[in-house]
Amino acid sequence: MTLLAVIFYIAAAVAILATGAVLFARNAVNAVLYLLVSLFGVALMMYSLGGAFVAILEIIVYAGAIVVLFLFVIMMLNIARIEQHKDLQPPTRPQLLVPVILALVLMADLGIAIYAAAAGVSSGKTITVTAIGETLYRQHYLGVELASLVLLIGLIGALHLGSAAWFTHQKEANQDGTC
Amino acid sequence: MIYADGTPMVWPIPAFALLGAVVIFVFSRWWAPRTAGKIACTAVGISFLWTLVVAAHLLGSGARQLAIHEPLWTWLSGAGPVDAKIGFYVDRLALVFAIIVSGVGWLIHLYSYAYMEGDEGERRFFGYLNLFVFSMLTLVMADNAFFMFLGWEGVGACSFLLIGHWYQKSENCAAAQKAFLVTRLGDVFLILGILICALLVGVDYTNLVGFDKVRELPQVDAFGHLSGKTVLLIAGLFLLAGAAGKSAQLPLQVWLPDAMAGPTPVSALIHAATMVTAGVYLIARFHQLFVQVPELMAAVALVGVLTAFYGATCAIVQTDIKRVLAYSTISQIGYMILGLGVGAFSLGVFHFFTHAFYKALLFLAAGTVIHSLHGEQNIFNMGGLKRFLPRTYLAFLAGAASLAGFPLVTAGFFSKDGILWSALTTQFGSVPIYLLGLFTALLTAIYSFRLVFIVFFGEQRKEIHPHAPSSLLEWPVMILALFAVVAGYLNLPHAFGGGAWWEHFFEPVFKEAEARPLVHDGAKELLAAGASGLLALVGIAAAWKLYGPPARRIVPEPVIAAGEIQNDTPAPYKSPLANLLFAGWYFDRLYMRVFVRGFKLVATLANLVDNVIVDGFYELVALIVRGFHALLVFFQNGRTSRYALVMLFGAVAITTFALMWR
Amino acid sequence: MILALLIIVLLVGAVLCALADRVDRRVVRWTALIITSVDLALAIGVATLVSQGPIVFRLPWLPSWGASLHFEADGLAALMILLTTVLGVVAVLISWEEIERRSGAFHVWLLLLQVGILVVFLARDALLFYLGWELMLIPLFFIIGIWGHEDKQRAAFKFLLFTFGGSIFMLLALLYVYVRHLNLGMGGTFEIEELAKTPLSASEQWWVFLGLFIGFAVKIPLFPVHTWLPDAHTQAPTAGSLILAGVLLKTGVYGLIRLAIPLAPQAAEAFAPLIIALSLIGIYYGAVVAFAQRDFKRLVAYSSISHLGFVVLGLFVGNAAGYQGAVLQMVNHGLATGGLFLLAGIIQHRAHTRNLEVFGGLWKYAPAMGAFLLFFAFASLGIPGTGNFIGELYVIAGTFQLHHTLGALAALAVLFAAAYSLKLFLSTMHGPTARPWRAFKDLHIHESVALGILCVGLIAVGLYPKLVTQPLYFPPDRLVPTTGRVPERVIRAEAARGSLSSVSRMRSKSFSLDHEVVLVSEASK
Amino acid sequence: MVPAEHALIVATILFCLGAIGVLVRRNFLFVLMAIEIMLNAAGLAFVAASGIHGQPDGQIFFLFILPVAAAEVAIGLALGVLLRLRYGTLDLWQIAQTRED
């Protein structure tokens, strides 16, 4: 049981618990913070699996950018506490019944598939950034272009929707005088 | 209208009657009602004259031809046994019937010209009357059974229309419907009989032979290996059933008494002289078939004598003048069928010949009585009409005497006596049948003179001052009375020094079939004739005793308004026997309750079944489909989470399936 | 070429009617009348030409599949076309006043309906036949659905679903035969002639015949699948129910003759007893239920189930008499029941109701209508002098030859026919006048002309049936085969009787097209 | 040495939790978060795979997942804002209700 394995199991446990907490959070901000913790867990796991560069990226891009974005929106729409917003209350037991069953079946399936594949043990050597860079720009150059395209579209979409939201907001504001 | 070799064409005889009918139907709307009557009378008159021309040609001194066969065009063809031409075949049998139909028919047309004056549906009446004469003429002069069947059904249809002439009253419509349906049942049997004959030997009258060869056949393959004799028996019984339907013999006689709902000339023409005797013509025409099977002849004789007895018993207690005559017609046709049944075909036809005259006479005279009493039909409301309608009384008396078989003077005596004599002596006749026939002759004498004494003798019961009938109502009756008396001498038997001309006249037609040996040992025949004559006188005396003016009324007098008398009217007499006879031995009530009500019940049930079960099945299918719809709606309720769930379900299903499959 | 003309005229007519609709209602009616009369003239032309030989018209359509626009008219088809076009003219005549709103669209649908029917009668190509079969449904669906009476939507849908459901089985059977024909290396073709030559095993034939039979039985309609007919008839406008009863039901029987029997001869013989039983049940069931009806049109609808039962009985009885009777009954039923439906429409147009209990004593107000109703009522019960009698006589004779008790059973049904026909006539025309009908005028000129045409037709066939049966015989070998299973005993009986009456040698191997049936043709009689 | 199966199993668990989240949560943002979790789980699986084979491709694929996730969140949140303005709430079930009638 090397140090890395120990780190891995701890991180896994933390990630799973955090994600569970996200599901049953009663407060939007708490949910986002649990999400952050879960992402950190995942990052650690990636590190232990030899993806140091990727782990860092996860923290910077995923946790840093995406989750923070969530936080901004939550604050902007001020839907934090459950009292005002009925839709925040966590799922009740009967609602959970069917999804959980399905999820368990899915886990069982994938589990069987994984064990059947007998992937064996991770090779333990961390993959250097240079190796990533080389393969990235030598074999997957097309992928990079496409990724950039996706980001561009995401940008345009967000801008367009955002401006539409701004103008409607302006119109309403003008009508009832609030800014 | 005469062929090159001098034989007159036969087709104009029915053609003129049809022409009259068509002209009336199409054009009479724009003419005065009376002209319709005139056209009708002239049309039938011409037909009658042309029949006489044909008769003269056939019976003329140097007559070489026994019959005229005139095929016109092929009618049914290409269907195996069903093979028929439209064509006419006039032999002596057809000639006699044609003369009666057109002659008596013409007289009745003249009578009804006066009788139906001012009637609301006069045009319609004369149109149907002409159509009837046309159908009857085609019936008797057709050259094959299928064309005869055309006339047979045409006659049925016309009787339906004429009985229901006064269609405003629903009883008349019911009577017309009953008449048509009962005769239609007989027609179903008839067509089956014809089909069997067609399959065996073909039904072309010109050579209706070969029945004897069929009788010898051990097995007729077309009929499930039945022996030739049984097939003939079945065919004969079917034909007899057809004849019974049309000629109102047991058990299909319920429609005739109700058919009196029609105007009196209709009763005279259709239900006395012509239509009801179609059965006699049929059996006479197929005598080759009947003679082959002794059991068949016995059956015919039995039906004949039983119906005669039934008719006579019912006639005695009737209160409506026309119903008495209706039951008497049933009885007299029973005699004719009896004559045919015992093998005396020519005498059966002779009785038809004489009966046509005196029965038509009785009906027309009754019509005059009813006409002058403004529709009164109940004999117990009449009385002492001798003084008001002397000529009608005399004619009625002659008719009644001939019906009763008044010895030596009337035609009825000779024709009925001939039948009774052959019932006794021929190979097919038997003593019990003779005795029953004799007893019925007694009953006939009683009811015919009961009618005369109640209607014409005694004092007037109701203060109805009858107005004198117009001449046109009287002289056709006079002519018929004359024939009713004279016609008998046509067949004066040897015992009375006569030449039995009629039997020799029909020799060629009923050649070897005449099972009846023309045994004429004077003494026995004289004795039998004397017996029947005596019985007639006894009957008349009994009638005088029971119903004559001096006698104290033994039989109670029910007083019912005219016209409503139907088979199912409440019984007017106290004694159950009288009521039984009055209602025609409850045959009609039985049929009404069993068949008519039964059929209505089955019909409503079938309709229920159709709507509920058969249609219900398809409604059920529709219901199931709607059920599926409701099921699927569950998954389409617009909530995204529901769609996500379904997607996940799909994913899971596929993965598990993929796993298992690998 | 004349065959194609028949259809083109109608199509052009449909377009003209659509255009004329914008002008005025009267113009539409007159164009429709002219178009249908032209079509009738063409049909008469076809009928006369057919006696020289079958007229063929072929046009390549889908060569890759082997389907071609192959129209061909032999005696039977010519007869049916004549009936269709005659009823077409009568349909236009009868809807002179009845159709007020959107009469342009009505006449367009009417002409398209006729196109569908003509295609069915003329097609010798299975695909074309099926196209025509479906094409017939849509116009009638709209005619019933839009111009029908109170419950029209339901009736229209029921009609469509029933027939559609049936035709699916038919399509399956056709495709199966096509595929067998194809992969037996005989080349993919939809010609009925060639398809009939595919050697199918007995069980295959059984299924193919079953499929086709279901499709046609729904249309005929035979007993269990008949419940759409009364609804469709009661709700259809007069012209709709005239064409529906007069011709559409016959397409089912025609399909049996043209498609089901040739494609699966042995199966047809195997099915014959069942079909005979079904048709006998249909005859009695139709007649008995008809008697219990209170609605004029519903009674006539059930009566046509009974008449069609006779037709199918005649067809599957297996001898010349039966087959001839079947064809005759098809023509007579078209005319007689067509007449009854015309009268139903006329009475409903005046009295605004079809309930028999309400009528009574109408003779006083409308004697001419009464006379026509009398004639058609008697025609429908088979009074001699009208064609129905001869048709029924042949069918009864045919059944009698097959099995004498069955024949007797068929004959007895005629009595039931009399029961409902008289009930129909008596409850409307005779009897006391129930209600004082003020607006009950007698027949108009165009109505009496329409009825007159049908009367003349019926009497002509009644007195000279060779009008109808003559064209059937040309050419004898191409005669669509009867079931051919003539029992041995009938042949021996005929031979035993040989000397006396008509010679008829019936020798038949099987049901296939080319077996030799020498019937009582005119020459040998 | 970390057994790779465990990594994949953890990824599966995370993915299923995300799926449950999508199904049950009523608020639009929470659904988005759940989707993020699912994406993240997928990324983890890729990295685990690259760990097993020692090839950088797995991790490169995770690189591709990042921009997709980012774009998705951007647009998703923008939509969320619009939803809030239009329907005044982010409760999907309620929005479905109002849209139905």
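Per-chain numbering from 1; labels A, B, C and D assigned in written order.
Rule of thumb we're sticking to: a contact is a pair of C-beta atoms (placed from the backbone, for glycine too) under 8 Å apart; a residue touches a chain by one contact, two chains touch by 3 or more.
Please read these numbers as outputs of a predicted model, since none were measured by experiment.
The chains in contact with chain A as well as with chain C are B. Of all chains shown, the one whose average CA position lies nearest the global CA mean is C. Between the interfaces A-B and A-D, more contacting C-beta pairs are found at A-D.
Inter-chain centre distance (chain C to chain D, centres taken as mean C-alpha positions): 68 Å. Chain A and chain B have Cα centroids lying 105 Å from one another. As a whole-number value, the distance joining the C-alpha centres of chain A and chain D reads 6 Å. Note on chain placement: the centre of chain B and the centre of chain C lie 37 Å apart, centres being C-alpha means. Of all residues in chain A, those touching 2 or more other chains are 98-99, 102, 106, 110, listed in ascending order. Multi-chain contact residues of chain B (touching two or more other chains) are listed as 645, 648. Counting partner chains per residue, chain C has no residue touching two or more of them.
Shown are all chain pairs that touch, namely A-B, A-D, B-C, B-D. Listed in rising order, the residues of chain A touching chain B in the complex are 98-99, 102, 105-106, 109-110, 112-113.
Considering their complex, residues 1-10, 12-21, 23-27, 29-30, 32-34, 36-37, 40-41, 43-44, 47-60, 62-64, 66-75, 77-82, 84-86, 89-94 of chain D touch chain A.
In the complex of the two chains, the chain B residues touching chain D come out as 637-641, 644-645, 648. Those residues of chain B whose C-beta lies close enough to touch chain A in the complex are 645, 648-649, 651-652, 655-656, 659.
Across the complex, chain B is touched by residues 158, 162, 224, 226-227, 285, 288-289, 291-293, 319-321, 324-325, 361, 363-364, 367, 371, 374, 378, 383-385, 389-390, 393-394, 396-398, 400-401, 404, 407-408, 411-412, 414-415, 418-419, 422, 426, 429-433, 463-466, 469, 473, 488-490, 492-494, 496-497, 500-502, 504, 519-522, 525 of chain C.
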